[in-house]
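Each of the two complexes below includes subunit A, the first together with subunit B, the second together with subunit C.
== the complex of A and B ==
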């Protein structure tokens, strides 16, 4: 048996435990980077290119230097450099108030030679179109994969569907914008950063500034959302550190909302021209997909395709397309919502060809049931829970303008754990401190750390003090890829188990037993099988003496695993006169291995679903075709759901303790949008093959359907 | 001030029908008119001027430029950082404060405009001994928060809602909270928290 395992009868794991930092957050006591105010602190502001593509001719900082309150200026680019997107950083200033920093930034005179710009995928791919860069091509060959015999697959097909599907670019819109507060003490830097990875950030600062990593401390006690966009110091972090050095004062540099939209990442677009075949019996036979997408100025746009379902014969050829827009970054389940949408809409079209129910059709073509492949079970169970039997065939026959329909989609994710370290101190007064250089990005990591230690020591959660969000604590990876829970909780478990063993060794002689006969539960250390023979936790810890039990440990195999599955059902209502789509209900069937905290795990699932409703119905980064500038770099025209837009959502979490811990942050956001789009199709009979499902597109699809459809 | 409640429709409805441009114009015009009426037509600034605010019952004396918003004045000059700046233009609700009983977007309110008024921020809602306001407690109990960056705004909006409608219908609650955006997706549980707080205080939410 492995040295480490999860308890068979846990008292805390899998139960709803309230977020430990809830009270700090609801009272405003929690200090985010945005809230750090240091003595003598001044404010930084970045000057950015208004042009999507241009050459910098000159940068004149003299007027800004003389402006009231200005303490430092810097040129980030130099004459001759090329800017590749609106918002590319060019220069920066720091002044004693935020208002004056903004004034001074306006006084920086940058002359540009504007160059032709590329603001859409189509423009980039046109033979004689403009070029996004003077040195690099507009496209590059991306993923390519081929399996089986494509021609044979199409020969076996009773029906073939050939269509083009697409998804759009969205931005992360972290409510706390990216940014930092930097303070130097000689050549040592302390940086409060809104980041998903304190240790990665420290490394980034050290490299960019040419100082040893040991001279950098990064602190992130609280952070207001990252979703994959906050791992490195980025230009704003490095600029902040440089301004602080030049001004000899702490500098706060938080981006404003417009900068956040332009320069901190986005989810790339995805397009695919697909030809797919299905046998008359309803078995997928072939898939031939040519895909492309843009991750902006020089960044890739890959995604999995076909998604999840078993096409025995398949080919996929991808092209990365570059345009003059901010670079993409990982965004909540990178690639999956795109690949899922392109495949799942196709699946409903194929199901219709063979006159099969979409659930039945998916069950027939899903991978076989396995611990990391629960789809078939979720399709069956979910259909029952959702009332799928009440689904009408495509096209709601109800008279009147409001049509209702149901849709379904499925997804997968990895979420494996990896190296993470931890440190546990047990004090003679009974107090417990657990340290880990991870960070809580809103997922509840701080609470998970305490739960695992408390479970191991048989203590209430409140008896454990978790210390995270600081590079002075042992190394832990960035919070991305839904890997945090599966990385951190095993490290806490192994370190706590070892600390407890040391405590048992101290206690055993007093109780006249050997250490392996001891157990810790319910706030007591006692002889297994003889509950009354023992000591309270406090009394047991008194035996520790003056030198605390102090244990280092790390992630070990066997407490976490990888591979989750999920299925979602959606019911949507479409007003065929206005084209407005409203989501009425979502059911999410999801697993994540051993659930650590039921409450925060469910919150992750709710959050994922709501994020995907935004992706499906509201948000869209719109670039002006003529100027290449973003039309809606704000929060009033960059639409996000409000309370009235949120439907009834049911989350069904399948606890699988035998699998160990797996992440849940990303998977629940993958298939919602496809399920909604399929519900719209079921409601109206019109297929919308491109996201977002904005009213004009719904109306256009209805129009096309009335004109005889696309098939 | 940016009233978002009390006209019988929510800000989002208003935006849908009127467009943000006209909202901004209306608000600014009203604010200017009010300032003029109070002060006579007297130019202030452009440099620092004395501004006195009453925040959570405490008097705060500041010297700031007249253009400084209520939010920035409180966050940057008084180190009361509970309320957040997210969109900085009246679209997200993270900066929501209660001024003389009405919710305002403090990012779109000038500090100088609200002198002499009672300003309540998220920082002043718990009692001095640390006991949470019933609304704050409800958010913690049902996990009505994740990263927590929108939470201060939601907490303040919920309190304002319950002070107006001690036993809100779900519809009233939704409308009352429609001016707040959460990117982590806490809406379902924020709604639960609002309804639970209404029940737990049996229609009598303590006034902070």
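== the complex of A and C ==
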């Protein structure tokens, strides 16, 4: 038996535990980076390039320096530097009020030599088009893979579908924008940062500022959304620290909504020209895909393709395309929503060719059942729960303008744990403190830390004080890749188990037994099998003495694993006279190994689904085709679902305690958009092969369908 | 944001006087448009004149209509029983404005006089006609939300007011006060099509004038319908919407003087929103409705007629279909026929 394991009969794990910081969040007591105010604090503002592509000729800070309230200015670029996107940081100011900082930033005189810009993938790929950079090419060869015998695969095909599919660029739109408050004490920096990784961020500050990492403390108690875009200090963090040093005062520098859209990452676009074959019996035979996409100015755009399903003979060739727009960053399941959409729409087209039900067709072509491959089970169970038997064939025959349809899609993710450290203190008064330098990015990590310790000590969750979100606590990694739960909870478990062993050692002589005979449950420490022979937790801890039990520990193998699967069903309604799509229902079948907190796990699934509805219907980074500037860097024309746009969402979590903990932050957002698009196709009979499902595309597809379809 | 002076006048007269300065003065209603423009450096007034203290009441007029004060909150309009009884399309339009917060804060005059929501106008980088520049970026740019009617002029915005459309449809008059006294302007003539001379504004209001009242005439024997198509259900701008006011030949279920059924449309006013630089009155739709029985078939004809003269731009052809549907469904609503 492994040294560490999860309890066989847990009392807390897998139950719905309310978020410990819920009351603080809803009452406004929770202080996000935006809410941090320090004595003598001033405000920073970045001057950004309005041009998507230009050479900086000169930067004149003199007028800004003389502006009212200005305490510091800095040039971030120098003459001769090239800006590669609208919003590229060029200079910065700090002033005593936010308004004065904004006004002063406008007084910085930057002269640019505008260069031709590339605003779309098509422009970048055109033979004689403009160049995004004066030194680098517009495209670069990306992923390339080939398996099996493609020609043989197509020979076996009874039907071949050949189409181009695409997804668009969306931004992270973190409700709390990126930014920091930086305060120096000599050469020691304290930075309150809206970040997904306090330790990673501290390393970033140290490297960029040339100071030892031990001189940097990063604090993130509450974080208003990152979705993969908040790991490094970024330009705004470094500028904030430099302004604070120059002004000899704490500086707050939080980005505004426009900056957030322009310069804090996005999900790259994805295009693929796909030729795929299916046997007349409904088995996939071949897949040949040429894909491309843009991650903006110099960043890649890779994604998995084909996604999930078993094409025995396949080829995929990808090209990264660069344009003059903000760089992509990891965004909630990077690559997967794109690969999933491109494959899943194709799957429904192929299913129609062989006249098979989409669920049946998918079951036939999904990987075989395995702990990390539950799709077949979810297709079957989900279809029953969703009422899939009521689904009509492609094209709702109901008269009237409202057509209803159902769609399905599947996804996978990793979610493995990795190195994380923790520290536990048991005090002689019975109080328990658990410290871990992880951060709660809104996912419930703080609550998970308390649950695992409380479960181990046999205490209520409220008896444990979790301390996180600060680099003074033991190292833990950034919260990305759905790794946090699987990294942090094993570390808390092992450290708590070791602390409990020490307590047992102190208690055992009093009870006249050996430590290995003891158990801790229900607020008591007692002899296993003889519940009455024991002490209350409080009395047991009195035996600790003056020196607390203080234990360091770390993540160990065996308490977590990797690989999750999920299937989602969607019902959508299309008004064929307006092209407006409304999502009516979503069912998400999902696993994440051992569920730690049912409520926060479900909450991740709800959030993922809602975010994906935005991806499917609303969000779109729109660049003006003439100037290359973003026309909707706001929340007015960059559309996001409100409460009335969110459908009924059912989450069915498959608890698999034998697998240990696996992350769930990303997978539930992967397949929703594809399921919705397939529901729209089922409703209307018209296939929309690109996102978002904007009314103009829906109406165009319907028009095309009336004219005889696409093939 | 440029530092500004704030004036809080007690009367119309004081408000008008406060607008006259050496510099730029602007009236402040709910502030949701003006303050955002100031923060985005689209406008930088020297003085702000709070006009929320002006008339905020809805009163009956001797001829059986209503007089609506400019400072009436949109929420109060949406919930006003008198307005609901006489002008249901106004209530429908008011209830569709923005969000509850915006309706709680926004005023009638503010809604009518707000500046365009065009993304080129709202982003400082684009110095368009409306900001003193020499081009409309929508022409060669991203025009999916721009005009499909009235595109002969230099600017291709769609007028942003939800309330203006039913006001025009009901034949409202706008009372305006200025340094030279007061005047009344028919709602339909208040809004101006863009020309190179007047492109900086969307209406006839002078810089020193204020819109103080909307005066609605007695509706008469009419049926009303209002229909808005928006993409999102929550906070979003309409893709197109329409108000129809149908003057019926006689009371329902009776026979008219010349033998026509009470279900016959004598004449109609059809006004579309979010499709043109002004609330767009559709004469072809009005002609298509006149003399016809009020039915779903007539509604469809009106929809077709409404867009017969549409001149969409490169990226907004789809709005033609949506405008057509809005008119059809507004007529259906007037007829009491179920729409989606």
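The rule is simple: the second predicted complex is superposed on the first by the 711 of 711 C-alpha atoms of A that agree within 3 Å, B and C clash if a C-alpha of one lies under 4 Å from a C-alpha of the other, contacts with A are read in each partner's own complex, and residues count from 1 in each chain.
Note that contacts are C-beta pairs under 8 Å (C-beta built on N, C-alpha and C of every residue); 3 or more make two chains touch, one makes a residue touch a chain.
Since the structure is predicted, the reported quantities are computational estimates derived from the model, not experimental observations.
Contacts of A:579 after superposition: subunit C is touched, whereas subunit B is not reached.
In the superposed model, A:683 makes contact with neither subunit B nor subunit C. In the superposed model, A:570 lies in contact with neither subunit B nor subunit C. By the document's definition of touching, of the two partners only subunit C reaches A:695; subunit B does not. Note on subunit A: of its two partners subunit C and subunit B, the one contacting more of its residues is B. In the superposition on chain A, A:249 makes contact with neither subunit B nor subunit C. In the superposition on chain A, A:627 makes contact with subunit C only, not with subunit B.
By the touch criterion stated above, A:105 is placed in contact with neither subunit B nor subunit C.
Contacts of A:238 after superposition: neither subunit B nor subunit C is touched. By the document's definition of touching, both partners, subunit B and subunit C, reach A:636.
Within subunit A, the residues touched by subunit B in the first complex and by subunit C in the second are 99, 634, 636-637, 641-644.
Taken in their complex, subunit A has these residues touching subunit B: 16, 18-19, 21-23, 25-32, 34-35, 37, 97-99, 173-177, 222-225, 227, 256-257, 441-444, 599-600, 602-604, 606-611, 634-637, 640-644, 646, 649.
Put simply, subunit A touches subunit C in their complex at residues 50, 86, 99, 102-103, 106, 400-402, 575, 577-580, 582, 617-618, 622, 624-627, 629, 631-634, 636-637, 639, 641-645, 694-696, 699-700. Residue ranges of subunit B in contact with subunit A, taken from their complex: 10, 12, 15, 20, 65, 67-68, 72, 75-76, 79-92, 94, 121-123, 125-126, 132, 136, 139-141, 143, 145-152, 155, 173-175, 177-191.
The residues of subunit C lying in touch with subunit A in their complex are 1-2, 41, 99, 117, 119-120, 122-123, 125-126, 137, 140-142, 144-145, 229-237, 239, 315-318, 321-322, 324-325, 328, 340.
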